[in-house]
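Per-chain residue numbering starts at 1, and chain names A, B and C are given in the order in which the chains are listed.
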Amino acid sequence: METNIMLSLDRISKTFNPGTINEKVALNGLDLRIEKGDFITVIGGNGAGKSTMMNAVTGVFPVDEGTITLDGEDITGLSEYKRAKYFGRVFQDPMTGTAPNMEIEENLALAYRRTKSHGLRWGISEKERVRYKEALARLDLGLENRMHAKVGLLSGGQRQALTLLMATLERPKMLLLDEHTAALDPKTADKVLRLTHEIVREDSLTTLMVTHNMKNAIEYGNRLIMMHEGQIILDIRGEDKKKLTVEALLAQFSRASGSEFANDRALLS
Amino acid sequence: MKHNCKAFLSLALAAVLMLSGLVLTACGGSSTGPFPIVCGETGMNDVAGVATYGVSYYNLGVKAGDMAADILLDGADPSTMAVSLDPNPALVINETVAGEIGFTIPESVKSRVSGDTDATTVTRVESAVVADGGDYTVGILQLMQHVALDQTNQGFVDQLSVRMDAAGKTVTILDENAAGDQANNITIAETFVSKNVDLIYAIATSSSQAAASATTEIPVIFNAVTDPVGAGLVASLEAPGANVTGVSDINPVAKQIDLIGELLGSDDITIGLLYTSAETNSIYQIEQAKAECEAKGYKYVEKGIGDMNDIEAAFVSLKNAGIDAIYIPTDNVLANGIANVHAVNLGK
Amino acid sequence: MLLSGLCQGFIWAILSLGVYISYRMLDFADLSCEGTITTGASVAAMLIWRGCNPFLAALLAFIAGCLAGTITGLLHTKLKIPPILAGILTMISLYSINIHIMNLATGKEGTSNLSLLNYKDQTVYAAIDRLLGIGKTNASLLLGLVIAAAVIALLYWFFGTEIGCAIRATGTNEKMCRAQGINTDVTKIIGLAASNGFIALSGALLSQYQSYTDVGMGVGSIVIGLASIIIGETLFARAKHFAVRLLGIVVGAVLYRIVVAFVIFSGMPSTDLKLMTAVVVAVALSLPILKNRLALNAKKKNAKKAG
């Protein structure tokens, strides 16, 4: 059974600005086990610790306590760039995931080298170009004909699609999506989500998707977790998840946390 | 320029000095007999010295103007024109410091202080300087705006105009200032060369080097350079050897050493030479001071310091060597700490 | 005058290309420049005094510059000192280090100026002149042209490699770089080392060209570098090809020196030199905006006509 675990978080704690008036306990002894092939959606109120959990996993900052184990390897002390070879990441802000001053193919070439060391070989080869073109065609956004365009010229949706492609170009151990459709208009968001679903299914990627949208959280994935004050208060999977409704979820949240769900965006969408 | 403009360093030093001054006061000091001190320049003399000869940058400019006129009007050859010093440095005395240390300045010295140090001021003949189309064209390349450098510029043009007027000629002056941007040095120098000026007057070391680099044919007169040989401008002070010669602003070390003998009224004296061992200019002056001491038959004791913290120990060692007076060259560290030198000398 | 501007322009172009690496590629306002140009000049002059081959001296100056850039990089990445402060720290510490380097030539303490007037036949320019017999000015032009071309070729190649791409990406989006497995500390240090290497190389050439190194010669060099970049970018605003953009910077540096030479040549009061410099840079900076305005006005007119 243990061999089937992809990511394991054991008693993870993180406090920001300790000892100051801005002290904030973001993660409070968090425990989570993710099985290979899981597609988990994560929801929670403002400041519940969703993004902090993502950042702890990817090593944006060191955690105060606890261990992070990825596919049997303890990665707790590994720096962010070293962990990058395991994780494909897409961020909330479409600006974050790409280099705007560089061409589409250059961005892909960077992503292709995520798992490799950087040397004095030419930054992009003809063979790669063919592969990138095919991969871009799969997005169905016409980007395969704009390989030399600067990414800064693309729309937010195009950029997120590209970032998604970059995150999965070299199969990562896990795909981490941090509210990656939150900044997009509903139509584009839907398109990017469908694309996400396709890619995750085709490559059977273990995925963690933070979302503000309860409907999406219920619709996608095989498991849903809800966070509150740095801990997981709900963990619904399998048949139970399929039967979930937004109303039921809200009711469960109130019961589990003893408070109203505080995320305006989640309720409005 | 003797002093590098190191305002920041001066500030830091001033702070250190204030602190070390406090420490010294607390320790009570061990120096007993204050010595008459002769400093390299008048600013230091005002604080700690009894008398010295001061260089006038205006005079240096006048001297350079004369040299330029000799070349332009009389066809003098710069390669054989010896580098000049201030021909007439002004004697200044400081009776306040003399009183404080209980030293009596001899009447023979006092009587030679004229008081009117600007006696050599030359009145510019405006008609001899024309905006363009003069008989001669002279390019002036000055490193930056600075009181002393401005004076060498002014003295030069004043004297050149007088000489031109006397010869019935006119001169056009192209006055360029690099504004402290050394990148402009070579640009200005090359512009003068491409304009084919008759002579380049370069003020300060790096500007002079740029002018010397830009041409091997057009005569270059430099000014405000302390060590023209070390700067590679001339082969020797007596025989420059090429198209470059000029005026050094080094303080009259020999005259200042002679002054010590005059002040003490004896030839059987030992002079303490106090300087910072890390400063090229100081070492250069100390070598000249030693040569003059030997020429005059004075004994001397050298004491190089690392920084102002060494000053009290230096005084103790000089005292033990049985010195009669102290010579301090123009030295950045000692100039900045001159007040402290005076305090240590007084045994405070 | 034109020749003088060209000769010096090529030397300053190398500095500008160096500044371009930190300022544009890494988005790092690196003020070490004012210290490293003098370091390059000091190392080259000192080695020439010591009888070293001038080309080798220039190469070693480049390496010294790389070391200085590495220091700035370490201060910034390892000690988390903000870019401007890290650069300033390197710059002021280089003031002392440069004097120490020059001391090695004279064997005296406190050497703040090192003359090459007595070593005029031991510079790279004299060597080229000896080799081809084309005179100092032509040798300066030729060498400037060749080195500038070589630096462009080198940068074009380097920034096309994997590591070069990673450095470019670091300057445009650091967070993304770390997510793509790039050690941004390393890319920044490499970028700063290369940047300061070229700046020092330019200092090494400058000291041989003007026949002296002075501890104060770096003052204002960052302005020259930035002005050249801005002029070049404005003139070559439409250039898509990286090599052409780099060429634009060389053109910018040459033009800038020619403008300065022209200002001096025209006999404008020298006190106005700095003002003129500022005006040239301001004009270059505002050209794109002026162009846009003109285009907009033209459009409005056309729209009115059409309406």
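Here, a residue touches a chain if its C-beta (ideal position, glycine included) is under 8 Å from a C-beta of that chain, and two chains touch if they have at least 3 such contacts.
Everything quoted here is computed from the prediction, not taken from an experiment.
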| item | value |
| --- | --- |
| Chain labels contacting chain B and also chain C | none |
| Chain separated most widely from chain B, comparing mean CA positions | A |
| Per-chain CA centroid nearest to the all-protein CA mean | C |
| Rounded Å distance, chain B centre to chain C centre (Cα mean) | 36 |
| CA centroid of chain A to CA centroid of chain B, Å | 72 |
| Chain A and chain C: spacing of chain centres that average the CA atoms, whole Å | 42 |
| Contact set on chain C toward chain A in their complex | 158, 160-166, 168-169, 171-173, 175-184 |
| Chain B partner contacts - residues on chain C that touch it in the complex | 1, 3-5, 8, 12, 106, 108-113, 115-118, 120, 209-212, 214-217, 219-221, 224, 257, 260-261, 264-265, 267, 270-271, 273-274 |
| Residue ranges of chain B touching chain C (in the complex, touch as defined) | 4, 142, 145, 174-188, 190-191, 194-195, 205-206, 209-210, 212-213, 230-233, 276-283 |
| Interfacial residue positions of chain A with respect to chain C in the complex | 58, 60, 79-82, 84-85, 87, 89, 91, 95-102, 106, 109-111, 113-116, 118-124, 166 |
